[in-house]
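Two complexes come next, and they have one chain in common, chain A, joined by chain B in the first and chain C in the second.
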Partner chain A sequence: MTLLLLLAILDGLAYAALVFMVAVGLTLVFGVLRVLNIAHGSFFAIGAYVAATLGTAAAATAAAPALALPVLLLAAVLVGGALGPVVEKLLLSRIYVKDHVLQLLVTFALFMVLEDVQKLIWGVQPIFQDAAVKALGPVEVGDIVYTRYQLFLLPGVAAVTLIGLMWFLRRTLTGRVIVAVTHDREAATAMGIDAQRVYLLTFTFGTMLAALGGALASPTTSLVPGIGVNMIVLSFAVVATAGLGQIEGAALTALLIGLGRSVAVYFAPEFEVVIPYIIMVVVLLVRPYGIFGSPELRRV
Partner chain B sequence: MRLTRRAALSAAAATLAVPTILPRNAIAQQRPSELRLGISTFLSGPSSVFGVPGRNAADLLIEQLNASGGIGGVPIRSVVIDEAPGVDFLLGECRRLAQNEGVDVMLASISSGSCLAVAPLAEQLRLPTILWDCGTQRIFEENSFRYAVRTQANAVPEIVAPLLYLLRARPEFSTLAVVNQDYAWGRDSWAIWKGAMDAIKPGVRVVAELFPRFGATDFSTEITRLQALRPDVIFSTSWGGELDTFIRQAAERRLFERSTFVLPLAESSLERVGKTLPPGVIVGARGDHWFLHPTARDTELLKNFTEAYRRRFNLYPIYPTFHMAQALYGLKAGYEKAIAANGGRWPSREQLMDTMRGLEFRHLTGTMKIRDDGQGLEPMLVGVTRHVDSYPFPVLDQMILYPPELVMNPTGTKGVEWVRLLTPAAVRRAPAPIAWRA
Partner chain C sequence: MEPRLALPAAAGVALVVGLAAAAPWLKFVFTIALAKGLAVLGILLLLRAGQVSFGHALYVAVGAYTVAFARPGIGELLVLLPLAVASATAVGFLVGLFVARYRDIFFGMLNLAFSMVFYSLLEKLYTYTHGTDGIRVDRPSFAGILLDRVPYEWVMLALVLALSLGLGALARVFLASPLGQALPAIKTRETRLEFAGISARRVLLVAYVASAALAGLAGGIIAVTTLHVTPLLAYWTHSGELVFIAILGGGGSVLGPFLGAIVFELVRVYASAAFPDAWQMILGAVLLGIILFASRGLWGLYEDLVSRRGARP
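Presenting the complex of A and B:
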């Protein structure tokens, strides 16, 4: 029983790490821009596809094992850097003052367009590139074989992202400027802060986080049309449970969902699919603003 | 009777109006200028991994058929619709194709839910419909349709054949785990397997029944659980990207070293997963087809198709391409037989559908017969993976072609009830395996 629980925790940590990487970008963007971005799922998918493409190209070179991990980060930077500013400037900046329903519709439309773009570029056949997993190799816990990628790298990157993000927002000037705009855009603007620039920066960073989530997921899964849909639905559950705009809450919720799901697989497999949503309903019944949410203005 | 000018004008007007008023089928005996073929398949979403190869096969074969004179001298024009948005959308599209586009025949669909809805609609519209890929056995077990036939087998033989293969190859197994997708196919295929297994080999302990979410991208937890449980056999009817992911993750974590895998749909994943899939895995092909089919691989028909398909799409054909080919070859054979029976005149829809029942026709890898209830009968190809130098992915070895009379329930019976009557004799009645040859 103890061993089973340990195994469930290890599996849950890896899954939670991936979910957190996507949800944190979504919650950051909402916290600052107040836009619920459905196209976030597309950035996840495109990040995964670009990482797989770069990984395949790198695998053909002599330095393949050494490049397996850096290409994941490179994919996130490329996708975030290319798509984030374009989408923010051309689309989102025009709808900040519009109704939330319209914002949802616009980002949903973008999501649909990007889904078709993925099919145009990468087709519909599953794509798999697991060089990063192979580069790190397997490790045994008892007589259970895990991959180092799953057991160490994913939770490690998630932890670094969480700590780094909290440090950035609380200890750096740019981070504090973002928090200031989040608290009160008018007051921050009156004090000379360029809110538009903060929005652009935050959205680009959020896009990068989504793409990094996809890039990190790509070595462990087959990339097929629709992977963005699955992830965005789960991310919304995480963000709603955590409280919109709550980064620490997203981490805690992702952990709850990851552990809940893996414990369910071990002890009640029928509940695996519904566990994230059971957690969400229970939390929202008790705390309608989410675990860390509150009716106050602070969102980051 | 005197012919007045008014009567003559009325008769002329009525004659001119008839073709536009009457439905197309009422004047179907006239040879049309083209045969309009509606095709529903998945063009988007995860199931497009099957839907697009099916569409590709249709494009290629229709071109080839038209180049050789079409069907009965009539060229084919296809209209393809996406079944991904759901059943209601599909039904609307089928109505539109029948009533606005003047489609003569419909080829539907991949999803069993789609076929269960389209077959009754075909009756309403009196639209000849060939069910080209969907697997549920319920369609012709629970209803009788005049305007629908299926040019492939169904879920019962597709699951019973791999079970018989396992019982022959590894009769001593005593524990089993299932990892199926959590939707109708995953649940139904497990019910068929469990019913048949309990009948033929009672006492097998099912140590885990895992049904990950449809569209799942991670099976790490399930794999850890399976490693801890160490079942003798792991059975999975998953497909597409999910099966690929399951295979890759299981291989990375050495699960194949601990259990015998039975994967009835893995023929469609062989090229994609490559040699990540180790030797010794029992693989099915959803019918009597594979591009290296043991008895048909040297025929010009199969070789030419495989080469043309590969040249155009840079992939080897997988089972949906063969299912589409079976539908088109069946349609051609049905029309040609109906035309011959009709004295060389173009048949009505009813004549066509009456001819389709009992029809026997050749396709890329063998011969298929359509039963009186509309259900197609074909052997089931099952083999075990083997690594060879000539292909960068596993090939099938020790292949058995299970005849339909051994693995398909007879007309008038229900598959899930029939499998409970199977006995160990079914394992012994299987034909001899055919070894891989380079």
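Presenting the complex of A and C:
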């Protein structure tokens, strides 16, 4: 019983870290661009696939164990750097003035396209590449043998991302410019800030975060079609529970939902998928704008 | 129904029946297409309020599984379909109480979340649903008569044609009613609607429950036509299809969903066989094209064609 609970907590921590990586990108992009990007889930999946491909290629070289971790980061940078600017420039920049429903439809359409791009490139058979987990090896926690990768690396990266992002947004010039555009785009533009550039930058960075989440997830699971949709729905639950645009809040709710889900995995496996949404629905019933969100002003 | 729509509707019915008589396999395609058209009619109601649901496959699946669960005990089509509608309406009301509080992003994504939860429950509760294998549905009787395959297919097509015409006309009456007129007001300025003393939440809830009922009916028809239900009915791709058809057909007229659904299913029969792994990609790309360049859909193109001809001396 206690053993199971400990396992559930360890799993929950690792899972929450992954969900947070994706959710924080989603909420950051929404906060700045005011567009909820459904294709964010595809960026996660593509990041995972590219990481697996690079990992397999790296495993064939002489320096295999040393390369297993760097290729994960490389995958995220490649995917974010290649897809982010293209999508923002060609697609999103056309729809900032349109209403929310059309924006949602556009990102949904992009999501449909990218889902099949994955199938065309990587096929529908499960892909498994866990060189990164093996490179770090196992660790004993009490009576449990756990992977160092999931115990230290995943929560570590998530924590560094959270702290780094807070520091970046509050202490650096670029970060403050982003915050300024978020608060009042017109005023910021009047001060001479190039809002287009801020959008491009933020979106590319958000894409990288999703791809990094995918890359980090890839050694711990088999990659099959459909991981993108599960992740976008789950990270939306996290982001909505926290309040759209809330970064620290997303970390907390990711933890809550990650732990809730992994406890369910061990104690009520049929309802594993339902738990995050029950948490979300309960929170939204009490606070319709999320735990940390505030109601938007209504126009008359 | 005013003459402007009666003519194309009559032409459409004649075309569907004529083609189905000429090529027997089209009976099945048209029945499924028109059933989806009914579900899309519900999506259209929500689109009028400026809301889009990425989870209406949930109600299609509720309707279909209701038929699958009830079929061993009940053998009559005219009982099974109302049952499907009733259960989808009930689920739609419960979910609607919650989602009608939300707009835009939350509305769309909460619907997606509910449908994905239902999908995974259908998949995991194997003892009841047989998981991904799905459930076989025996062919039911129609008005007490057990029909052979070919007459049964004709009856289904006639039934779904009649339902499409009847419910399409009803949707038109609804949209013209004060309640229906309140829907576009939710899209433009909800606060003003509330200042006029009308509860936006209640208006949206009515439209939502109606859309759930329509989707449930579609699910019931799909179940007794394909005679097999699987969790895939609730999957997000299916919800995406419904939204896609609504945009393809165009939101300007109640005939749009049916026009869109028939074109969609006909193209799908060929395209998804030729490119099984690129089908979603084609849909997504076309959807992008319509949104960015022809936002009134196929019905809009038809209207342009008619008005241009009318303007000619």
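Everything below uses one rule, namely that the second predicted complex is superposed on the first by the 281 of 300 C-alpha atoms of A that agree within 3 Å, B and C clash if a C-alpha of one lies under 4 Å from a C-alpha of the other, contacts with A are read in each partner's own complex, and residues count from 1 in each chain.
Just so it is clear, a residue touches a chain if its C-beta (ideal position, glycine included) is under 8 Å from a C-beta of that chain, and two chains touch if they have at least 3 such contacts.
Small disclaimer: the values here were computed from a predicted structure and weren't measured.
After superposition on chain A, the partners chain B and chain C are seen to clash. When the two complexes are overlaid on their common chain A, residue A:Leu104 makes contact with chain C while staying clear of chain B. In the overlay built on the shared chain, the residue A:Phe205 is in contact with neither chain B nor chain C.
Of the two partner chains placed around the shared chain by superposition, chain B and chain C are both touched by A:Glu270. Contacts of A:Leu7 after superposition on the shared chain: chain B is touched, whereas chain C is not. Once chain A of one complex is fitted onto chain A of the other, the partner contacts of A:Ala240 are limited to chain C, with no touch recorded for chain B.
In the superposed pair of complexes, A:Leu285 makes contact with chain C only, with no contact to chain B. Of the two partner chains placed by superposition, only chain B is touched by A:Gln125; chain C is not. In the superposition on chain A, contact of A:Phe44 is made with neither chain B nor chain C. Contact with chain B, but none with chain C, is seen for A:Ile227 once the two complexes are overlaid on the shared chain.
Once the two structures sit on top of each other via chain A, chain B runs into chain C at 130-138, and not at any other stretch of 130-138, 166-174 or 184-192.
Residues 115, 119, 124, 229-230, 269-270, 273 of chain A lie in contact with chain B in one complex and with chain C in the other.
Remark: chain B residues 44-46, 48-49, 51-52, 182, 208-213, 215-218, 220-222, 224-225, 227-228, 240-242, 244-245, 248-249, 252-255, 272-273, 315 touch chain A in the complex. Interface of chain A with chain C (complex): residues 36, 38, 91, 94, 99-102, 104-106, 108-117, 119-120, 124, 229-230, 233, 236-237, 240, 244, 269-270, 273-274, 277, 280-281, 284-285, 288, 298-300. Partner chain A is touched in their complex by these residues of chain C: 47, 50-52, 54, 98, 101-102, 104-106, 108-110, 112-114, 116-117, 120-121, 124-125, 189-192, 195, 236-237, 240, 243, 247, 277-281, 283-285, 287-288, 291-292, 295. Here chain A touches chain B in the complex through residues 3-4, 7-8, 10-12, 14-15, 18, 115, 119, 123-126, 128, 130, 133-134, 138, 143-147, 150, 217, 220-227, 229-231, 261-262, 265-266, 269-270, 272-273, going by the rule given at the top.
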